[in-house]
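The following blocks contain the structures, represented as structure tokens.
Both complexes shown next keep chain A, but they swap its partner, so chain B is in the first and chain C is in the second.
After this line comes the complex of A and B, so read on.
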């Protein structure tokens, strides 16, 4: 891959001074590829965990136990109305400080890495929005459908999993799309706790090579491209999941 | 009828729950398995309590309790860990509180300025999006999509690193402080999102209004300024406030680039205290509580305005 493009970008640098060093030097290229891997891993795992938080949270929100509902409302309001960046710092510095460290023979390694804390923090942040989105979807499912499930002997959990959620999910998809795009953009904040994702890595690259403009262009293209792919994928999914007569 | 969702307003006789409309406490109009429109934010009590027509910004008691519990809990953790011979937590906290709150003031200044600039540019861009000139629409669309879809932190980095730290105008050197650049960087995503709000609001006005004003000999510009936009203002206020809250919650990001706002000043304060690990929890949760205390009432107010201005079909 690098062999194919390296000549072009080396010539570009020699002729115009535009230094896209990541596209012609092996070391920087490896860094760049690793950054893609880490950032995609971060994005995908936060997406998945935030969806899990959303689904479980929306179920808990309809709980008959008052305390559970109050806890969920508190969680949602707190995570929605505080800065995600400070949440990340709080998770990493405060809770990371309290979690036990494992002895790795001579040095100590925290039980949860900075990558782990980034995933946890981002999932809870986006999850708070997902809960609200799913709840709106669940409320749009006709009561009669739920009652029909009940009369067929489904328990609350069974009817949630097999009847309500598949319908609610389809209704929620457009709003979910927005929130997931937002989550994707928020993953850059993991920079603050030194997770080597794209922004962090390119920051190192431009510190080493003094080519801020070029790396900025790469960053813009990378993130606008990722968002475009996500939006396109979600749209396709929405089309495929469509049930005739619903929504 | 204010406050009752339009689709629940009129019970259909004979389709009630068997108890008759209103008797069972629910206002459902039909038992047929139709898709109910999604209801937003069921957690908000309605009607919003008002004093002389102004929404009362009181938060529910348990919410205040939650904020205090988080802060007090972290203080408890700190006390449990404090060794002897160090400065006590309260002493350190009260000593550095003015410095930290000074940082929060910068957060607010940045949020006000970025919102003002972003709104002015965003209205312009939004109107460009509904323009009749095709290339103008294309440019506006591209700008909007670009700034909506790039991460704020990337924009912040590019502004901090690519803008000069000083400019020379007529032989005088004017230095540009970091927070000014951060303000400009924040105003761009706000601009793009306000543009979307404006475009959405203009397009949500029924086309019949354009047609009838045309038949009354209004020009396109007159229609826009005298008929369409005045109606848009109301429905733009709630999403506009929502974006203000999002912006405020994004301002701590500029601490990454050494702007001394609240997070940065808290870290400096902790540094000056010698970074005692037991102080981390109370200091960081204090930032969370302050932002919560500022943003939560805005969120509630937004919800109440949203319901008040909801279009009644």
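After this line comes the complex of A and C, so read on.
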């Protein structure tokens, strides 16, 4: 892959001074590819976990048990009221020191890595918003529908899984779409705890090669592209899940 | 074998320049500052106040340190009083440009872009390099870092060195405070940074149980500076002569020892290079 493009980008640098070093030098190319892998892994796992948190949380929010509802309210307040950047630092530096770790001789191998903390923190952060988004969807499902399910003998969980959630999900999708796009962009903040995703890596590349402008351009194109793909996917999903005559 | 380098010629020129002070040539190079220093009977030197042990405040609030001692040498050689002005990395060159100080000895790396702004005097008086701070006994040689997590600061060029040269797994944080906290809590085996800064941390007394175990790599020479237009006048050449004497006499190595700085190969090397054999006098 690099062989195909390296000549072009090397010539571009020599002729115009535009230094896209990641496209012609093996070491920088490897770092760039690794950054793509890490950032995609981070984005996909955060998206999935935040959805799980949202679905489970929205169900727990409607629980008849008061303690569960209070817990959910507390969780949402905590994560919605603190900046994700601060949460990352808090999780990694404070909670990270309280979790078990293995002595490796001179340093400790923590049970949860910085990548792990980034996924946890970002999923819970976006999850708090997802809970509220799903709640809006659930509340939009007519009471009559729920009562109908109940009268057919559905338990609360069964009715949530089979009746309420499928309808609520469709209503929630536009807002969910927004929040997931936000989450995707927020993953760049994981650079604060040294997760080698794209911003972290390109920051190091431009420090080493003094090519800030070029790497900024790459960074922009990368995220514009990723968000475009996500939005396209969500849009397709929305279309496929459309129930004719509903909503 | 001791080598008499071209610097000998510079030192000779410095002596000569002092001898011909006031001549048309020397005046054209700008000697106003040097005259002022002698007339007011005081030399104003910019030093660091927050960089132990080069320039810092002792418990009484007085500025002390290796570079402060160097400033004292300058004043006593000139036979004038010494006034110390604390400067910071971000403003030290401006202090010199604006005439607030006559001389700057403030842990400044010698770089070509800086030479365009202030008169950096040859030879360099010290050098710093890449090193690591680690728990005592954890790291013994550079190759011990292979495959191990090493903390660093984002954007520092040391990161690439240790990962490329020694295969360390660099975990770089936004600032040094975070990186050092990560080292303290054992998230990495070492913190890679500039050796002078690490020494500064070690001498702060907050790093008991830690050490700087390796031989520094990648020399990054430090330069003291005079105002740019005085570099080739009396003042600049006088400081060249001072620096030469500091190296040749072993004064810098003594100061290094006095302030508890790990002896650097650079100073030893410069000392050997600049010492005359004086064989012809015997």
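FYI, the second predicted complex is superposed on the first by the 242 of 247 C-alpha atoms of A that agree within 3 Å, B and C clash if a C-alpha of one lies under 4 Å from a C-alpha of the other, contacts with A are read in each partner's own complex, and residues count from 1 in each chain.
Here is the rule we go by: contacts are C-beta pairs under 8 Å (C-beta built on N, C-alpha and C of every residue); 3 or more make two chains touch, one makes a residue touch a chain.
What you see is a predicted model; the values in this text were computed from it and never measured.
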- After lining up the shared chain so the two structures overlap, which partner does A:224 touch, if you call chain B first and chain C second: first, second, both or neither? first
- Message: Is A:232 touching anything from chain B or chain C once the two structures are fitted on A? First, second, both or neither.
- Response: neither
- Between chain B (first) and chain C (second), which, if any, makes contact with A:97: first, second, both or neither? both
- Task: Name the contact category of A:86: first (chain B only), second (chain C only), both, or neither.
- Result: first
- Query: So, A:191: does it touch chain B (first), chain C (second), both, or neither?
  - Reply: both
- Query: Which partner does A:18 contact after superposing on A: first (chain B), second (chain C), both, neither?
  - Reply: neither
- Task: Please work out whether A:136 is in contact with chain B alone, chain C alone, both, or neither, and reply first, second, both or neither.
- Result: first
- Just chain B (first), just chain C (second), both, or neither: which does A:8 touch? neither
- Of chain B and chain C, which one touches more of chain A's residues? B
- Task: List the residues of chain A that touch chain B in one complex and chain C in the other.
- Result: 89, 93, 97, 191-192, 203
- Which residues of chain B touch chain A in their complex? 28, 31-43, 62-63, 66, 70, 74, 77, 145-146, 149-154, 157-158, 161-162, 245, 249-253, 256, 263, 277, 280-281, 284-285, 287-288, 291-292, 295-296, 299
- Can you list the residues on chain A that touch chain C in the complex? 27, 89, 93, 96-97, 101, 104-108, 110, 114, 191-194, 200, 203-204, 207-208
- In the complex with chain A, residue positions of chain C that touch it: 134-135, 137-139, 148-149, 154-157, 159-160, 164, 171-174, 178, 181-182, 185-190
- Report the residues of chain A in contact with chain B in the complex, numbered from low to high. 70, 73-74, 76-78, 80-87, 89-90, 93-94, 97-98, 132, 135-137, 139-145, 171, 181, 185-189, 191-192, 199, 203, 206, 212-213, 216, 219-220, 223-224, 227-228, 246-247
